[in-house]
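The same chain A turns up in both complexes below, where it pairs with chain B and then with chain C.
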Partner chain A sequence: MNSIPVGRIIRFALLSLGALMILAPYIFMISTAGKTQSDIFTSSLALIPQHFYFAENFAKALAKVPMATLLWNGVVVCGMIFFFQVVVAIPCAYAMAKLKFRAARLMMVLVMLGLLVPIHATALPLYVAFDGMSLLNSYTSLVAPFTISVFAIFMFLQFFRAMPDDLLHAARLDGMSELGIVARVIVPNAWPAVTAFAIFSVVAHWNDLYWPLIVVSKQAYATPPLGLMYFRAAEAGDDYGALMAATLIITVPLVAAFLLAQKRFVEGITMTGLKG
Partner chain B sequence: MSALSLRGLKKSFGGNAILNGVSLDIEAGEFIALVGPSGCGKSTLLRILAGLDHADSGEIFVGGKDMSPVAAADRNIAMVFQSYALYPHLTAGQNIAVPLAMKRLSRPQRLPLVGSLLPGQKDIRTGIARDVREMAGLLKIDHLLDRKPGQMSGGQRQRVALARAMVRQPSIFLMDEPLSNLDANLRVHARGEIVELHRRAGVPTLYVTHDQAEALSMADRVAVMIGGNLLQLAAPDVIYNDPAHIEVARFVGQPRINIIPAFAENGYVGFEGIRLALLEKLANGPVSLGIRPEFVKLSPSGRSGLSGMIERLEFLGSEVIAHCRLEASGDAVVAKLAPHEAKDLIAGMKVGVVLAPVQAMVFGPEGKRLRFAASARREPAHV
Partner chain C sequence: MSSVALAGDVAGAAALRARSENRTAWLLAAPAIVLLLLFVLLPVAAVIFLGFTDFELGYGKFRFVGFENYAHLLNDRTFRRSLWNTSVYTAIVAPVSIVLGLGVALLIEGEGRARGFFRTVYFLPVASLIVAMATVWQYIFHPTIGPLNALLSLAGIPGPNWLGASNTVLYSLSIIGIWQSVGFNMVLFLAGLTAIPRELYAAAHVDGAKSALDRFFLVTWPMLGPTTLFVVTISITNAVKVFETVKMLTDGGPNKASEVLLFTIYQEGFVYLRVGYASAMTVVFLAILVVLMLVQYRVLDRRVHYT
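Showing the complex of A and B:
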């Protein structure tokens, strides 16, 4: 008999249950995005909308807030944050992982401390500083506080430590400077780690509501989650169908990006990228 | 003037002395094997030579020029690494081209995109490509140039690593156990190839290995390094037949040399009927007697030699290794016999162990070699 082992069935069932629990809100959001106002407020809980109202809800979502601006702001802010984070963190992590210098220990301690301090603790002084520089309501204020990511440094550090020293020795003998090594040897081989970090960084900052809420008060610089806030408060009132449609629109780019980079993402997390 | 000379190199890590004042000269065109057990400091020495690490004290001269202020990249020293250290993201051809590109192209010319628009770089790149192809032809890796290291076998990677090191015509060639990641058959084959390449290029080479057979078979001279000290630097046959130190004698030779404790008294070393007259003065005390396994004979009848027992026999085809134990002293003695000599031997049997006294070597209490008069003789039976 060609039976599937019981253990495997149980494992599969547990995993499916977990996935379902995590996906449930998202599924419910998709369903709500297709319902009419009266569907949403009926007492019974239905997953399939009675009247398919997707088109109308999406039309409303796109019409009532400048969705293109929101998405564009999201892309610019996340892109700039990610770019600067990588530009800062890679040389820094390389130096800490592979070079011997006196402050290395102290830097490691600072990185560890940095991991422990949440943005909420520094939000107020940062706000005052940006206000003093008249930089509120700008891309700078959205991007600058996140350009140095201790998490990125920490993650790349772990990855670079696993890189063979001989590779760097060979590069030095071949005539490369330390920056040359970073650009020509480290970066081309760090793609799994960079991809993995990209997911963390972009997801965190695309979904971030806290910081944009503090430094942005004009719609022109609103990021997608902030745009949703305006949408709910000012434009839509209690129109949950349209709100869900708008939410769906701003989550789709992330879901798509993750599905595309999934393989590399997993590679990066397991850090099996490089062998001598 | 030596191609390379090291003067009193010292290095320690956190209080652990790794190199205790190593001095070494390599003549032009010479192939020197630096051999020693793992952790003896040979790789550290190589890294210091290449400029990848700094010595605590001591000097390095290449062609008479002091290298201490010179950066690794400008020493024109090439190195082949044990792990090959090929750039994983580049093809074999690109790997070989890297040192040439770094040397011949200026900084702006090396930039991606922009670099390819600058004047003059095209000729240089053509020149690099030609040299890469020539080197690939020499090492018979033409067909691999478009492959990445991940798609190559160990032997192929090793050749690419050799090509990358040789292509820029270095003044010194360093190799750090380049064959230890290859399988046994390939290793013996690659030995010959490296020696052949060295003969053709004539670049002075320092070859680090922990395999004494590799060192003896490849090198013009062998440097034996143990515990951070360079104990002997000599031609392979001298290292084997005339070791200067007990550690050298122990390290070189397979199976290992028999070391038997003996006693020096009044200028003579006596051991079980052997009596050797020392040429140097030595206080009475324990010494060590070394006899190579090939100078130990076994007498199945037990009529001659010291009585002992065969514990184990190893048949190796062209020879048989007999592990024996002496009855009187309990010392282990290994004999290397021709198959016909071992025909009648079986494990567990009592034999006479005949040690050839003239072939013995005497080592002092600190391991230093002591000479004795050639006329060793057997003492009368009553002693």
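Showing the complex of A and C:
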């Protein structure tokens, strides 16, 4: 029985070492955001800044990056994408799971095919089309391609199949229309699946650089990743203090959301992940 | 007699109901079907079509060139370099992040009070803006003022120019890729581990599997089969799709040493606007994804199920 504490200590040490490596970038981000330019050049290993320069670096970042616009764009784009995805996917998944739908099998094939196709594969023709309709640099072009999520359909389908039919029979006996059933019976009961999908969707689109980079070339419609890229390209050269301050501001919202709703996040990722 | 008529009536009513239900189903699914056609199926068809043309954005006319684009791809040194680099990146990131993810999951699974804390920490990169964290990594990798080389020089080792030298850039990007995906894989493995019934471990113990290693190979590994297969597929697909870090940190350089598939497609299609040629590349990219999925199904079919 003597070996157990040793094993435990080794395990804890290994986990701590790994955790330190995972956390290192965050530690350096926070520390560098508080350093002066000369501090950064002379003592890169000192974690506590010699002169606290946080205020100046943040002021510089906020003056050069239209932070409010970026965050607002991020919220609008992710919010609209999520809204449309759910509104489109839930009725479709309900029809496939619970109604006598002759095209259900064909739909399943389409969904499985759709799961295979990322935005990178459809981007070229979509770009040509949006360009032809002069829709580049707009919320429409940022949101439209993602209004359909086959992944959402797939996930809700799994969830609805497990729902008891009695619930629906009772609602039908009460004289509810099918649309009424979707809105008043299905959606409230699908809440766990909706939150799980919300987390998956927001994380994916908040982080996405590829599509915004293609359809947006103006600061006014830039999402957070794109805005940060502009800032880095235009200003920051070697001004790592301001750059780290900007990075910090842009990383905080999602990380804060994660820390607050951690259990849901992990659930969301595993639920969506394992069934994807 | 009357019961037969009644049965016919019921059957008729049921058929009518089924028909109206089918109609409702079509209506409910209609928005999804239209959008699926518009944003997935048509674009894929268009990419395949455009791959056979010399379409360039800004020029009105285009003509069919047959397989010319594909023939050109075979001899395109940038494209070949890009395929090679993507393979190397995937061959490093996928296995390492899977093994580390499984290792961390097993360690955390046995951990008591600190379990929640470690899970949060390892998962943090998944919830962080990768573009933002890439700039932090750029600072860490900076050859002169970066902390990593400062640390190495303390040990007397001259640090390399991580992202700036063509012989190290791909490995540096791989480190970032691994850092980013270990936590994701860990969470998936943890979910798989909690699904294993405790009794199996007790049974293995009775059967003489005394050491932790015995129990791992007797119970954990086979029971994790489906999870592992899924993690493997998703890790490979994600690694093949590497783009953000390359675009942010290296722009494919130096000397195309970090040119990867999606970055090459992006350059050809959206910077040089050679849509036809970039479409042919996209078809190759799609083909890779299809092959990966087929392999997954094959393995899934053949695998012995223990559950």
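Simple rule for what comes next: the second predicted complex is superposed on the first by the 220 of 276 C-alpha atoms of A that agree within 3 Å, B and C clash if a C-alpha of one lies under 4 Å from a C-alpha of the other, contacts with A are read in each partner's own complex, and residues count from 1 in each chain.
Definition applied: a residue touches a chain if its C-beta (ideal position, glycine included) is under 8 Å from a C-beta of that chain, and two chains touch if they have at least 3 such contacts.
This is a predicted model, so every value here is computed, not measured.
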- Item | Touched partner set for A:P164, first chain B, second chain C, both or neither | first
Quiz item: Given the touch rule stated above, what does A:A204 touch, chain B (first), chain C (second), both, or neither?
Solution: neither
State whether A:M176 touches chain B only (first), chain C only (second), both chains, or neither.
first
| Touching A:N189, do we find chain B (first), chain C (second), both, or neither? | first
Between chain B (first) and chain C (second), which does A:R11 come into contact with in this model arrangement: first, second, both, or neither? second
Between chain B and chain C, more residues of chain A are touched by C
- Query: Between chain B (first) and chain C (second), which, if any, makes contact with A:C92: first, second, both or neither?
  - Reply: second
Check: chain A residues flagged as touching chain B and also chain C 274, 276
Within the complex, chain A is touched by chain C residues 18, 21-22, 24-26, 28-29, 31-33, 35-36, 38-44, 46-47, 50, 57, 100, 104, 107-108, 110-111, 114, 118-133, 135-137, 139-140, 142, 145-147, 150-151, 154, 179, 182-184, 187-188, 190-192, 227, 230, 234, 241, 243-244, 247-248, 262, 265-266, 269-270, 275, 278-279, 282, 285-286, 289-290, 293
Contacts from chain B onto chain A in the complex sit at residues 47, 50-52, 72-74, 77-79, 81-89, 98-99, 102-103, 150, 164
Residue positions on chain A within touch of chain C in the complex are 11-12, 14-15, 18-19, 21-26, 28-29, 32, 40-41, 44-45, 87-89, 91-92, 94-96, 99-104, 107, 110, 113-114, 116-118, 120-128, 131, 144-145, 147-148, 150, 153, 178-179, 182, 203, 206-207, 209-210, 213-214, 224-225, 228-229, 232, 238, 240, 243-244, 247, 250-251, 254-255, 257-259, 262, 265-266, 269-270, 273-274, 276
Within the complex, chain B is touched by chain A residues 164, 166-167, 169-177, 180, 184-185, 188-189, 274-276
